[in-house]
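Okay, here's the structure, questions in a sec.
Which chain is which? They are A, B and C, in the order written, and residues in each are numbered from 1.
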Amino acid sequence: VGPFHHLTFLTDYGLEDSFVAACHGVCAQIAPDARIIDITHLIPPGDVRRGAAVLAQTVPYFPPAVHVAVVDPGVGTARRGIAVAAGGSVFVGPDNGLLSWAVTEAGGAAQAVNLTNSELWLSEVTPTFHGRDIFMPVAAHLACGAALASAGDEIDVRDLVTLPAPVSRVRDGEAEGEVMTVDRFGNVQLSITKSDATRIGVLSGVSVLVRWGHRQLTVPYRETFGAVAPGELVAYADGSGLVSLAVNGGDAAQRLALPPGAHVRLAVARRS
Amino acid sequence: VGPFHHLTFLTDYGLEDSFVAACHGVCAQIAPDARIIDITHLIPPGDVRRGAAVLAQTVPYFPPAVHVAVVDPGVGTARRGIAVAAGGSVFVGPDNGLLSWAVTEAGGAAQAVNLTNSELWLSEVTPTFHGRDIFMPVAAHLACGAALASAGDEIDVRDLVTLPAPVSRVRDGEAEGEVMTVDRFGNVQLSITKSDATRIGVLSGVSVLVRWGHRQLTVPYRETFGAVAPGELVAYADGSGLVSLAVNGGDAAQRLALPPGAHVRLAVARRS
Amino acid sequence: VGPFHHLTFLTDYGLEDSFVAACHGVCAQIAPDARIIDITHLIPPGDVRRGAAVLAQTVPYFPPAVHVAVVDPGVGTARRGIAVAAGGSVFVGPDNGLLSWAVTEAGGAAQAVNLTNSELWLSEVTPTFHGRDIFMPVAAHLACGAALASAGDEIDVRDLVTLPAPVSRVRDGEAEGEVMTVDRFGNVQLSITKSDATRIGVLSGVSVLVRWGHRQLTVPYRETFGAVAPGELVAYADGSGLVSLAVNGGDAAQRLALPPGAHVRLAVARRS
């Protein structure tokens, strides 16, 4: 693999401090011609699962790249740093599951190394800022064409930490899933794919019965939120091919009190 | 027109999700050498008018570029996607008025097309993410030198949706306008130009009578907010040449309870 | 010095308006091949001290660059605009102390000019937006190789405005400092260096007594926050080599009510 023209960068570092920029600076020193595309740096602090979901949903739209992701509450402890080759790209970050969904999305891990070669790190490594001191410099070297194997000891890809896949099953004409993400607009994205919805007869035009906790609602299933009146609830397949709930011009997550991780069931609504 | 070295990008997508990055990725695949300058992605969700104002005030400072703007509450409905040539640049986005003020600012629409040529789109188009699936790929192709006419059917520029211009008139020694934008600092930008202010005698050094609703205030008109004491109100012509109200070191919008769209009158204050 | 491939950019302009993008556009027109790395634009409005701290802590990680920083409550008043050569880089911004800590960090000012040559500015300069109209165009010209002396009249580097250095001293086995920054995670960064901590026996593994106001706490001093249980307080040397207080998985600034500027004393905790 490599060299790569592009790196991507996803963290929970926020935008008010200098953390992101210091990493950009490190990359600019090692790989002055590489380009960094920031995915987001507003992953809630330490929320590995959301980081994994956002990364996995974005990766398909990039050219082959070195993807650097750092949501790393265990920084400086025994958790490993890894680089994983998958689908023509390389993923660099902590071995805490953050990269796992994106690696699967990219076709699965072909090769992986434990980042043990300190020659690719900054000369001084601090225990709490591996994004700047280890992950970004390693990634920049890989972007410049360094071999994956040069970054450290090869590890069995089956030993990589993976996050459990979100609940998603179809049974008795009902699809069950969980809330994957809530976006800026308050749209509630479920782990139920458009094709699973199709299998149980949930097609554009029908009404769907949505059940969670002790609540249930009947909601129109349409192509887009603009198909219902402002302020109305609607279910639709979103830009990632996942069934989502929205309020046209409003905030569905707030209206329904549905946070990430909540379990939801979906079926075609039957007339009583 | 084209090819273009630069694209600009303005949306209401926010920064916490992967929406912006997915669009950057699409551009990187089609036009790897083009550069994207993000204008802002924090337009309040669906606020077409603010998007139009911010875009129009920024465009004069860019080199010729493909300007992609997406504030698109009607995505997936009958509203058209358009590309409009104006002043050596091209504007790409929904035909809902978002682009209209910037197009006017750039010298007016020279040519426009309805984005009907799906060969310039991503191979799979989702109904709710035209920014990623249609607007950005079309823009990237245009940046690479594709002819505007290749993006779709030509439409009469007089048929483009335009936002009504903000109220702005001078009468009987008084200038009337509305609040265009409130910025991060709480500065209240009015749709009254510096030159209209000059016409009614509002020049640096005078006091101005500001009236809105049932309220009125006398405020010094100065070159800059630093010309008054901290905590004091001041009127001045801002970086876009529009009369604005500020509190030195404070938040004028909050102090005056003046939201976007509010009507305001301005005149030289007379001694009673 | 120069030409430079990179510019960096730090302001209090925020991300919701077009201020940052207009500056990027100006740079793209003058120096189309230069790259801008945004450090942050979320310095609290007018907070020169925080801007200075963030800039100084980031600069060591960049290649030689033109560093543009604008936190400028005095814009349009008598304060000077300056460009300062230091350590192979150039710093451009208002002469209000904002640049001073970074200049010191870079090795001290070698040469400085008052930005008086309007030929390097935009043709029209507004009194409230020198970032766009003066600082960025000057910086872009310097990036293209213009001589520092071409930007204006040379000034004695001893006449540059400097911020007072933060309190930081060691006395009687106790280190005294102040809160430099609070970051996104709520980590409280003190102006006490790791090496000063070492001098008074504060090494990884000991307990430290932290005193401020009328409060005091005993906190473990460790390599990283992950070394204590979730929810526990910890002291450590952060990525900038400064002693910091954190809550593993939580917000130390909130828990301790320690804002920037607060005075704090640190010593090895003795058993009573």
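In this section, a residue touches a chain if its C-beta (ideal position, glycine included) is under 8 Å from a C-beta of that chain, and two chains touch if they have at least 3 such contacts.
Remember, predicted model here, so these are calculated numbers, not experimental data.
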Equivalent-chain rotation between chain C and chain B, CA atoms, steps of 5 degrees: 120
Type of chain A:chain B copy interface by residue overlap (half), same or different: different
Centre-of-Cα separation between chain B and chain A, whole angstrom: 32
Overlap residues in chain A, where contacts from two or more other chains coincide: 15
Complex interface listing, chain C residues touching chain A: 5-6, 8, 15, 35, 37-43, 54-55, 57-58, 61-63, 181, 183-185, 223-227, 236-239, 241, 248-249
Interface residues, chain A side, partner chain C - complex: 12-26, 28-29, 32, 45-46, 73-77, 126-129, 132-133
